[in-house]
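In what follows, chain A forms one complex with chain B and a second complex with chain C.
Our next item is the complex of A and B:
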């Protein structure tokens, strides 16, 4: 079975952890060129959605499509092959590779596959182009100065940004970003916003964003869905959903009163 | 004092062999977490293949050496493909692979024992080519070994630090799970690791068969020395670790051999145990 939609489609997903109910009938369309955000309280199952898409957990019911093709048999380690890449809430990094290498390692179709590639001008040029691209990516979040430093030595927020850039560098058509701004220094957040926007708008990637920072969601998201109490309580254009009375009462209100 | 210099030069020659075996073992262990006991088998296979092709089949020495290297690379790759791969695929862990590897190495060892019944050696008169500096007798062949080690390490350095496969390998050393998540082609990288590591063991095997000769027990002996070198050097920085470990071990073997030759193995493994107790992460780790 296929779906005509492009991008990522999550269709009727239901999940339990043993006897613990997580959510039911979650359907979200994440079209290319748009940022679709999922908000909701802690424990609502937002990250679980990403984990199911990436094959970490098997859902009780539901299907996932990428560019209209049903996703089957994805395992966490081969998501990129299926055109998907995720970032993590916590930092996952190659601590002993430099920040630049952390990004380069994820770039597809690199040259220099073998030693001979070192001596062929075409391969060298490709290699330089990749390095340049990685450097530009670091520039987008003002990290070009950290390019040569081992990633493990960078502060938490910068490591987080490097791992976000690494997900971007895979070239995956579908990006699943799990709280990319959490732990990032406040003055760098506008850079994150710009980056996420550029990925969707300029590069046409389908971007699924799980985020607690409502200001960030307001700035980057085209569509928003709200996951609460095991179901999607609202979904649609960002300005509508974030202005929706139920959403404000059920979720946003709570955040601001906390 | 001059005698010590003599021992030192012997130690350098030995260190060269150890460095070639150790770096391949370290490469496989650090990236794939496989305790590749059969790495010694690959080393021995190259030596026997070299002997068979050159001495028995009469192939030109250079051609025989090249073929022996190719055979070693292939045997290493096939051990991974035919044995480790399926064991891991069926859910076997590091220990299952270790046992399987030990099995492979014992099978080869008995095979070579049946075939050769003793030492095979390709040694030729060139080995006697020496020169004397002061009171120290130096073998030209030791310099040849060191030159080959330097070339091999130079090429490895370029491979690891200037190519994308090298970057993928360093990524695997750093965080193997994440490497796969970000799209590193682990299977392809794995093949490259086994081919390169096995070629280096093969190089050491060919040189050993030419120099001191090969016995069916050489594989395991050499492997253990490689293992100790890796334990000494650690696996964080594969090249530096293997070379430092190999140099330390080469010197220890040479000096122990000079002062109390019956205690060579004792010294090597005592050093390993002391190090594991006090610096489990290796000298450099």
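Our next item is the complex of A and C:
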């Protein structure tokens, strides 16, 4: 139907939970190398978009394409195979695993995860290489000091950073980040910003960002769409959308005046 | 000395059962309350093949391991769709189902209400040899379990336990790991069942009831969840503790009830003061 486009395309998505209408005709393009942010009030359905893309819910209508290939009937654990990975608003860290292990467990194709592969020398070499990669990832957010600590004992903001790195470690080309800055201590926000920028700009990943922190959106987003009242009320280049009068009146103004 | 060998053999058997249970409960977070079923399958397969069909006991042990692993996989399949409390309840049901199977085969199949007369090869013939062989197998299982829990597989198991939905979001199906480790644990428990039959010389369905499953929970609860050493420690301490009561010189009619009461008190105390058990690395609190 659509031409082969790179990244993620959400096309005409419509959703309701039973009789409760959520949204209609949501179309968003999330190209590689760019950060596409979705803002909107609580309950607008932003996280629901991520849940639909990842196969948690089935939409009423609409289609999803990754690199031009239609996704159909995906289950949550299939998404990474299709090049997608999501993070959670409420972190969902593995609390009894160390920060390093949280990242390691996300890496694909580990022969040490099979009963027979586990005893091969190849598995050991791969594990060593993976550990090194995980350590480097922690370094990018200056958390190498936390590598050996159980993730459940880390401050919330650090857990959130680890959970983002976990998604990165899957190697997914498309990242869906659900409020990566929510609840993060103010002094850690710059690290979240730098990380998201690096993912899109340096690594060329298509990054979809659901976020309430408008300052963060201003800093990292290339494109912004505003979901409100069950539809996209504005969409386009970040500076254009965030300066749009309707958007300010309908959404941003309300936030700042609250 | 004979009795010490017997105790050592018994401890080795239960160490294997506890190691296996800890793989699924402590490391993977699957509340397995029916391990006695797989112990029984292993015991009946090994003893049945050996006594009724004259199969060499070594081969019978191998068969016990494989059949129990397969039975574990087959019984987990329908349970995988249910979670948490209901999963625990369902595994509890395994005890009754398998007890009834062992029990009701009785009138139809020779030997299922009670099997004895195992023909044991040299490695299991004398009590000393039996102890040495069983202890060596327990040590092997211990090493295998340590290798598993220290590997990327072990890491994934702990991730399944902590947040299965998050692991799925990272592209890994939690059920794959649950199926794998449940089968491995079932196989090890089946091996222990075969060894148990050799230790006791006689098996009947009453050995494989809920009581045995609960005992396994107590062993790993005391020793500690998600700890291989905890599995060993719990079994050694409790069996030795139980035995030592015999030497207190109490009238025999008091020993049994006293054991039960002290076991109960120990468990309650542990749950209040030290939920991780002696050397556990995980508790269900969160």
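Note that in this section the second predicted complex is superposed on the first by the 234 of 258 C-alpha atoms of A that agree within 3 Å, B and C clash if a C-alpha of one lies under 4 Å from a C-alpha of the other, contacts with A are read in each partner's own complex, and residues count from 1 in each chain.
Quick note on the criterion: a residue touches a chain if its C-beta (ideal position, glycine included) is under 8 Å from a C-beta of that chain, and two chains touch if they have at least 3 such contacts.
Fair warning: this is a prediction, and the values are worked out from it, not measured in the lab.
Common to the chain B and chain C interfaces on chain A are residues 76-81, 85-86, 92-97, 101, 104-106, 108, 110, 112-115, 118, 127, 166-167, 170, 172.
Here chain A touches chain C in the complex through residues 54, 75-81, 85-88, 92-97, 101, 104-106, 108, 110, 112-115, 118-119, 123, 127, 130, 163, 166-167, 170, 172, going by the rule given at the top. Taken together, the chain B residues at the contact with chain A in this complex read 155, 158-159, 162-168, 170-171, 173-175, 177-184, 186, 192, 236. Across the complex, chain A is touched by residues 147-148, 151-153, 155-156, 158-159, 161-163, 165-174, 177, 180, 184, 226, 281-282, 286 of chain C. Those residues of chain A whose C-beta lies close enough to touch chain B in the complex are 76-81, 85-86, 92-97, 101, 104-108, 110-115, 117-118, 127, 166-167, 169-170, 172.
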